[in-house]
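Following this line, the structures themselves.
Shared between the two complexes below is subunit A, which pairs with subunit B and subunit C, respectively.
The block that comes next holds the complex of A and B.
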């Protein structure tokens, strides 16, 4: 492996996008915290709000790396998480070719776009848990299990530390839901690939 | 050498004439043979054939006339079926099918008969003595009246206000049977246990628990009945078992420690189990039912066990199974044989402990209730968790990435009383039914905790009123406009199917029955 390739492999650029009020920025912050405080890596966060000025889309740009990050802006993410149609439309084209796309299944319609994706009904699951605003935490759990970009323990600790006091347990439950969903999805894909669809 | 006992049931006609000739010339009839003369081989039911084994016989021989020469027409054909079924049961039970044989002889075939008897005895000797220890005669522990007082007090029957809510809820009363729970309660309190009507009532109750659900004084009628049956049996009084007590005999046989059933021999290779797993799958008696009803109802309830393991495998759970699994004992407890129940409970718990198991999973509502609630209540401590398969499925499906594909059908559901009412978990099957998105689900008027019984519990007291009750239930199911009646207990399927065999109204009661576990196993897919 050459130096440049190695450098590439060590750095992951992520964009999480959705609309205001979904806790997109918080999700970005938790992800960065997990990477730095839990996994002892470097991380930066660039937040861009703009519910009014930019059609409601807001985004968090997170970079995670093993070496110091000189430039925190993310142009072409390795991982793109879309929690709104607007976010998908704005950032969908920027994802790297081999990148990983995660969407909220009920909120994003991809139409003709047939790229591989990991879909979860995060908002619906949050509603079932009785708190729609926890969709971001469910998505974080999903992101953690599907991509492994942060370790599950670091992510859980960061969630517990970042949410309002008294809601830790609920949020960890939400995180686990998303995490389990991701794990089940990966398992299902493995099984399907080995030719086992049903019971 | 232990004393061998082989029971010879011999038809009065063909074979007996041949046998007499052997006796007349003092031929060497093997001394192990204990002969019972019978009017026709077709009259020896599966229950009678099996009863001999329950009582410790090492072998049973049934002799009849040749097919076509039966004096009563169908005797030999019936005998052949009964023997075939009972042999299947003996094989599953691990006693060995070859301990039971049928043969037919004409009066002039004395020589052939002698040869048959000698070969049969030497073959049975080669299998070895039966591992079954015959039951000792039960003796009342306390004086009857005193015991009754204790039973009445234990279930707070004195609290009855004579309001009649129980009778107005009871499916049996509503089917037209002259039967009143409160009258039975009152009569027992008044010491009228000698009355035949009271005893009949005690053996008629379905122990379904619907009345307990409605009773303002919380009189636990099913438990009261259960314990009263024990009092009556202890006093040596006859019960009212369906099918001649076949199933009670079968379960009592399993209380002998030496019996080693072969419960899963029929299980096919695509199922994965792991003898080191901390999770045990406890299947229940369905494989016996399928053999017993092979020629009558043609039910396929053993499939439920297989499908349950298939579902666990789907989620990468590879449970242990006990090749020598025994009955949980539910039916013995509810048909008045607490002593045998406790024996069975102890054998089971010891065996499961030996297997190093932390969690027992079952798909049978009765096994679930019995292991989780009745074992501890009867003083048999359970060193493992008991969970219903549906709980595990719900947990795993909840993780997502799973979908159900299948024909679009309209479903309705028959609640198993042990799960939905006695254990109060009507939501468990419903959560899973709700996952079947393309199916339409319609409840019957009496459902959940309030569901009407399938018609029988613990193979006790089946009669024409049970049939009326089942007919009513099946009509309710059909009136929902559903294509499929979903069950979650092998016995619900058996009893309801039985009502559809009615020669007069069977046509109007037909409905496809399928177990929820099997439906899920066939429809589940990774999304």
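The block that comes next holds the complex of A and C.
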């Protein structure tokens, strides 16, 4: 992640991975759309397109930048989102050292890997909402609040524009669930951190 | 449901989708095709959109028939297109030649994938560049454009129609799986800001019409089938009337016309784009997705103190021979960057004519070339390693 003086990332590379069918590509598309059309930045999406997009470890590579992106492939992401064990195993090693790892807590077992991570039971939460297939949108909300890589408004607009007609409200609810979960997690961490310094 | 042909606004879409939208904006109202990865999304989008604009989409039994239908529809006066890849491109070669010989405007989008044969159906390459030039039998000239982004897939598909209609020649849009499936910002301008060109139309007495009598720029006005003009369309060598004439003289005259209208208008047709070329010692020559790699490599090499520049071929065909010849006199070397094992490289080498060395950063196909491969080559030939 290249930092500008303001501390805002000038270029962020993201890989979202999971099973084909989980809506991984759609999540990538919404993210790119939010960055491009909502936040008026540059973005590219390279989607995996082989048989993996129909069941195997599939991935969406998204780059978001303030300047044009000549080379759209992501090799070492700043942010890695894993929604399946296979995806974690295939892409986990690519994350940059200071990168941010997000996982679906119930679907990814990290074993001895003790890297910091942001974990959310996205699929379980989606099931509780009555639509397992909205796990990707919950994850997108979570990603938005935890990383701030796109603005919440741009993300919500892109969600509403990208999901099937008639499901917009339901998907925004799912997005908000993920977003709030992330916000609560961050708040908890901040509290803990300030507690440690004795403030 | 009626929707506008031009979806004015800002979009986040793939190259395939953008090519489809470009076609509609150019006035294309007939598409015949056969689904094939990674060009299927062009057909998919067009299949959805054609009925909204009063056009026709037809899925044919194979690519041979698809190309035939495109030639036929264009003869009937409708701007026509197909999209294909890999083996489908091979199957279209015969009727591509028919379009050349009958001087029928049409556009063929080739979303290149790695070959030969079935190859890597879901992975990109730029291996059809020489097939684009020479794939149909006999000697001929045509025009090929190479978009480097979804935005260009939109604009250059419009340009392809305009060139095709101006010169009555098939025009190839040589994109690839990577650009075809890449999503990026695509800005579609208002309809009235889009320049579209239609073929020169037949005028005068319908019974005295000569369908292959050249007009301005060497291009004959075209009558649509059913308009009442006397026309005869054949793939046999023909005279101004369109009648078959099996003589050496008729062959020479026809060839002179179909080659001449491209060769004599090279300046109007050829498009290149220069990046940091003015003081460059080493010139990258590239097109399509590999031009993006090259763009990144130029900046990286400059940071290392290597004066690199990029000549991007917007129209690989006709090849900008004069540009390469002019550069060959003052640069230290050319590096062609392409996802094949040396195709446009041969043209660069030919035009450099030994006055500057020509190197290749090629790839057998399946992925984009990383900028490091190009920077490594530049380091090597500039003596930095």
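Just so it is clear, the second predicted complex is superposed on the first by the 179 of 199 C-alpha atoms of A that agree within 3 Å, B and C clash if a C-alpha of one lies under 4 Å from a C-alpha of the other, contacts with A are read in each partner's own complex, and residues count from 1 in each chain.
The rule is simple: contacts are C-beta pairs under 8 Å (C-beta built on N, C-alpha and C of every residue); 3 or more make two chains touch, one makes a residue touch a chain.
Treat the numbers as computed from the prediction; the structure is a model and nothing was measured.
When the shared chain is aligned, subunit C comes close enough to touch A:72, but subunit B does not. When the two complexes are overlaid on their common chain A, residue A:44 makes contact with subunit C while staying clear of subunit B. By the document's definition of touching, of the two partners only subunit B reaches A:120; subunit C does not. Touch criterion not met for A:21: it reaches neither subunit B nor subunit C. Within the superposed three-chain model, A:185 lies in touch with subunit B and out of touch with subunit C [touch as defined at top]. By the touch criterion stated above, A:36 is placed in contact with subunit C alone, subunit B being left untouched. Remark: subunit A residues 29, 32-33, 36-37, 42-47, 49-51, 70-73 touch subunit C in the complex. Interface residues of subunit B, counted against subunit A in their complex, comprise 307, 310-311, 313-314, 316, 396, 398-402, 520-527.
Against subunit A, in their complex, subunit C makes its touches with residues 10-12, 37-38, 122-123, 177-178, 181-185, 292-293, 295-296, 367-368, 370-371. Within the complex, the subunit A residues that touch subunit B are 120-121, 125, 177, 180-181, 183-185, 187-189, 191-192, 196-199.
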